[in-house]
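The structures come next, written out as structure tokens.
Two complexes follow with chain A in common, the first pairing it with chain B and the second with chain C.
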Partner chain A sequence: MDFLIFKAPMLMVQASLDGILLGILFALIAYGMALQWGVMNIINIAQGDLVILGGYIAYTMYLAGIHPAWGVIVSPIIMFFVGWALYKLVINKVVDRDLFISILATFGIAIVFQQLMNFIFGADVVVAQSEYGTTMLFDNSVTLPNSKIFSAFISVLYAVALVIYMKKSRLGRAIRATAQNARAAKILGVDTEKVYAATFGINAALCGIAGALISITLTLHPYVGLPYTVRSFMIVIVAGLGNLPAVAVSGMGLGLFEEFADYILGTEFRIGAVFMLLVFILVYRRFKLSKKREYLK
Partner chain B sequence: MNKIAKLFVTFISAITLALVSFTSSFAKVEGEYIVLGSAISLTGKYSSNGVHTQNGYNMAVDRINKMGGVEVQGKKYKFEIIYYDDESNPKRAAQLAERLIKQDGVHYMLGPYSSGLTKAIAPVTEKYKIPMVEANGASRSLFTKGYKYLFAVLSPANQYLEVAIDLAVEKNGGKGVRIAQAFEQDAFSQDVRLGILDAAKRTGSEIIIDDKLPKELNDMAATLAKVKATKPDVLVVSGHTKGALTAIRQISEMKVDVPMLAMTHCDAAKLSKQHGKKSEYALCASQWHKNLSYKDKFFGGGKKYAKDFQKEFGYDPPYQSAESSAALLVFKDAFERANSFDRDAVRDALVDTEMQTFYGNIKFGPGGQNIAKPMILFQVRCKGDDCENRVVAPTKWASDKFYHPIPKWSERS
Partner chain C sequence: MNKVKQKDLILYSSLIILGLAAPYLFSAFKVQLTYLCVLIVLAMTWNLQGGEMGYNTFGNILFYGLGMYLTASVQVGMFFPLAEWTESGGEKTFVHTTAQYFQGIGVGLLVSAIVPAIVAGAIGYAILGLRGHYFAICTLGLGIAAGEIAGGIEIIGAGQGFTTPPFPAEIVDTEARGKFFYFLSFALLIGTFIFVKYIYGSRFRLILNAIRDNEDKAEAMGIQTMKYKIVGWMCSAFFCGLAGGIMGGLIGYIDSTDVAFDGREMGVFMVLMAILGGKGTLWGPVIGATLFHFFKEGLWTLILGWQYVALGVLIVVIVVYFPEGLMGWLREKYPERFGEVIDEKDRKAQVELK
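Here is the complex of A and B:
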């Protein structure tokens, strides 16, 4: 078989850059999920819907005549409080229960959010325009939308800021302590309830940033949240919890893998290929773990 | 406490009983009303188009009732519709169809919105031998199942973009063209794809890219990079409103130069409004446009319909509304020709339908699809930042000349 991508080396460059830029954005969403999963042991099915809600905040600004890129500042602020409120209303009741209960609860939240967004913003697919233009490389044979470069840059910026915050600040230390051992942290005077609420808020804020970026790079619709949840879930599974560099690498890796699968296997298999990779990684991990266990015996 | 509970139960059952007897008293024809039923998406992901459909139905009911109603055996009747919200969910739609037929006693149905939901309802109406005139299910598979009680006023999906390929071949001096295509993997878009495959075979054209987009995909960068590398004569994209919006966004951002771009769902996506000048020169398939010169005595012509609709509902009618209104005209015509309320007589009259409405000519083929009306193509054209859709094909209805080839991005301001 002859593959288009091997005949045109520029396509390879284009595919790699497209994959990496999109992967960085997904990594940001996945980082929020990993953080909140690690600290609270909750798998948040509503993650993607929080992203879309963040996008609609930026879109509303765009409709009001404000440049949607400001959404990356406004949207996380609003979303932090949305996340905080969600924690106080629902999540705090399921945080100590088993994983299944929290999956059910967040699944419910996802449905409520979808219907609310449908009710408020309508069922039409919408886009916000950034008018950022295009960067052309190699004599126009590789074209990169500036909006995608912008979104990757903002994602990296926020991720770095968050890492520093987690290392240096009081709340950051409290969050890390709670993640390590919630009971011990409580005994030592950490208000774990507050830490949980803040963690969920920070996660929602990260979703808000990603949503604002998606409104100018992709499209928004009340019912497209789930693919984002699934994608970030996969990135976290591959990277493991509480390991930001791994999340970033696995986000970009999945983005790259997906682009190349598109060229080599065909567009219809790109999502399938990612799932196959996930299965492969899970099997491989289990295999490695069982070896370790044998050694321990 | 116990007493109150008992009272409460009695009260609830009384209300339920009253409701049941009330709803089942709606027979097929109640006094001077002919009762039609429809499950329609008022919530969920199809809700905006569901509302367009409902508005179209309501507009026609009002108009027909005001202009004398339906005359059967010398007596005048009015239309009335029972609606239920199917929540954009096929299972729910099928349940509601059963409920309309069995509990509400409806004997004539109007279709829901979308091919998927029509597919869910059609087996039910077929089972109970209920004639259904539908206006929003275009999937070809609806018309190949041998349904006897299903009638569609719209052209089937495989015809959507065939005209575009013919146009490209014509511009190429009658020689075959090189086609790149990307279709979402859903029933409707895949039917559009089959139409393109037929057209390609017929015209000796070659398909060089044939991408199937996953439903959850909102990024077509890879497909467009392939298009850039292979330089086809035509790019065809169909993936509902999301596909149309994504395609224009990324074609403009990646500066993909292609001489002709053909799509579906441009008007539903409000392409010219959301993307403005970036969408200029895109060619779009449509069932109807207000500038067409078809006429009937109820709505006058397309322009008059658009004006009245705008007055009533406050927005320009999309083709989903126009075709829904046409469905009621078809029913009225069939009732009067059958001159009876017998379901099979009405069904036979529907088979013989041959009429012109403001929406187009209507005559049903053996599968129930409308074979008398061609699809039209419009092209997005802009004056300054003001963009609108202008009909360019077929030539008979064209208000503007088809602009070909699309200027390169480097030459566009």
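Here is the complex of A and C:
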């Protein structure tokens, strides 16, 4: 094995730390996906593009001279309304339909979003400078940008806050009731239409937070949304719907996989590796289930 | 019965004559017509999966791109070292003679039909075991992964792309190149149409429909569903590979994500065209592809820059409001013309129930 990473053990520490911190961010996006999938039974291909849009909101603030870290508060608020509007315009017409219809419809939305972002923000790769500096560990052999630590911290904070909100608040209970049985919830007086809109809004808001964090830790580009969709989809099918600890763990696992794939296969195959992992996970689950003569549902 | 056949005969022969005459009638639009043929082929083969079998695939683009790379690689590799060709950007150092060019493209197309079919057969058992949206997402991932991976492989040009051999310069006729690719794609279109029409009249189609309607029951009836699913996918891969090979030669330049494994354009187009025309019908994809192509070519020059926004909106509108497509709409309006007999009593009873 002639890979650099196996020769220098410190690189492994570096990759692991990077992977875990990145994975927490992925888990946040995946949590939003699990939420809407569980409640509304739609798969949102535009998830990644909502993330990127949230990132561009933070980037716009950065250009205006405001510190981009404030994006984690402003971006979810704006994105909540974007999500709400999106629900009212398109998503409410595909909720009760075949899942493939929702996939295609949100694919269309994703294309529109990509192109509009391309018009407004340009096709350059951009990053918002947080200027948080870096932390050096182990005799300066491992460098850790403070922005990554910050983003992981904020992700955990928001995830915990959302879990508590879903458990305690009235809307949270309505959302959970609708997820269990939309018809029964409707009979008992829950305005499911409103619940759906709120769910999609919350999902978009989570994407907004993640996007704002991505704008300071990684890079933004109008066309990189789809990998985020696929990552969150992957995390959700591994972890299952509505199992938050599992979402966090599989998010970190995905982050680790990506960082190691980056070192071993080379950066040019990173996205390819993510998509291949998706195929492998699905095929693995399919073979595992087919032993019991079942299939993924 | 005889009368119906005669009508069909007139229809088909007039269409073939129109197809053969088209490059002379619309001499300036030969490239567009070639595109149209390829789009129809892609929509028809997608319809075999999405419409007939109920497996909504985004992955047929995989075979299309594979065919494109294979044809070009074989065409170059038969006569020249492939690595040097892609490194130097092609034509400057090596020149195909006329005979070499046609030999190369002939063998290349053969390979680009067979290899994707074999690939489909090889991955079919694993992938086709997935159902519904898992299958859709998995094939979407497969198509994009293929593009990303092809963009990292040095010998086929990696990120900088692959220039396919230029049309032999010895043929001075300026029209020859367009005509050659048009007739090639038209032949492919006819071949695909005959094949799909044959399938539509066969037991194979009934089995595919049974899989679509209820796979578990089909299996319980003793149909080896997996076998038929794989064969169906291999048929699609065969024609998609050929279509890709022809398009590679026509475009003259292969980029991994923008031309070959172009999930964002071609991959969505084929789904959209089949749905627009009406999936699960013989003529639906043909009509859908034709309409879509006219719409695209007519409108896209007017709204230059906004075409992707228009495309996205179009997808949403078609999918949300016309999921049954044009043929589905016609079928609802004129059920008699599709050989459906409606019992008047039954209809009245239904109305009363409402």
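The criterion applied here is as follows: the second predicted complex is superposed on the first by the 254 of 297 C-alpha atoms of A that agree within 3 Å, B and C clash if a C-alpha of one lies under 4 Å from a C-alpha of the other, contacts with A are read in each partner's own complex, and residues count from 1 in each chain.
Assume a residue touches a chain if its C-beta (ideal position, glycine included) is under 8 Å from a C-beta of that chain, and two chains touch if they have at least 3 such contacts.
The shown structure was predicted, so the numbers you read here are calculated from the model rather than taken from an experiment.
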item: Chain B versus chain C as contact partner of A:L282, first or second or both or neither; value: second
item: Touching partner for A:D18 - first (chain B), second (chain C), both, neither; value: first
item: Which superposed partner A:L63 touches (first chain B, second chain C, both, neither); value: neither
item: Which superposed partner A:I43 touches (first chain B, second chain C, both, neither); value: second
item: First, second, both or neither for A:I111, with chain B first and chain C second; value: second
item: First (chain B), second (chain C), both or neither touched by A:E268; value: both
item: Contacts of A:I103 with chain B and chain C, given as first, second, both or neither; value: second
item: Chain B versus chain C as contact partner of A:D124, first or second or both or neither; value: first
item: Touching partner for A:V94 - first (chain B), second (chain C), both, neither; value: second
item: Contact residues common to both interfaces of chain A (with chain B and with chain C); value: 115, 119, 226, 266, 268, 271
item: Footprint of chain A on chain B - complex, ascending; value: 43-49, 182, 185, 211-214, 216-219, 221-223, 225-226, 228-230, 240-242, 245-246, 249-250, 253-255, 269-270, 274-276
item: Contacting residues of chain A [partner chain B, same complex]; value: 4, 8, 10-11, 14-15, 18, 22, 115, 118-119, 122-127, 129, 134, 136, 140-141, 143, 145, 147-148, 218-219, 221-224, 226-227, 259, 262-263, 266-268, 270-271
item: Chain A - residues contacting chain C, complex; value: 43, 90, 93-94, 97-101, 103-105, 107-116, 119, 226, 230, 233, 237, 266, 268-269, 271-272, 275-276, 278-279, 282-283, 286-287, 290, 295-297
item: In the complex, chain C residues that touch chain A; value: 56, 126-127, 129-134, 136-138, 140-142, 144-145, 148-149, 151-152, 158-159, 264, 268, 271, 275, 305-306, 308-309, 311-316, 319-320, 323
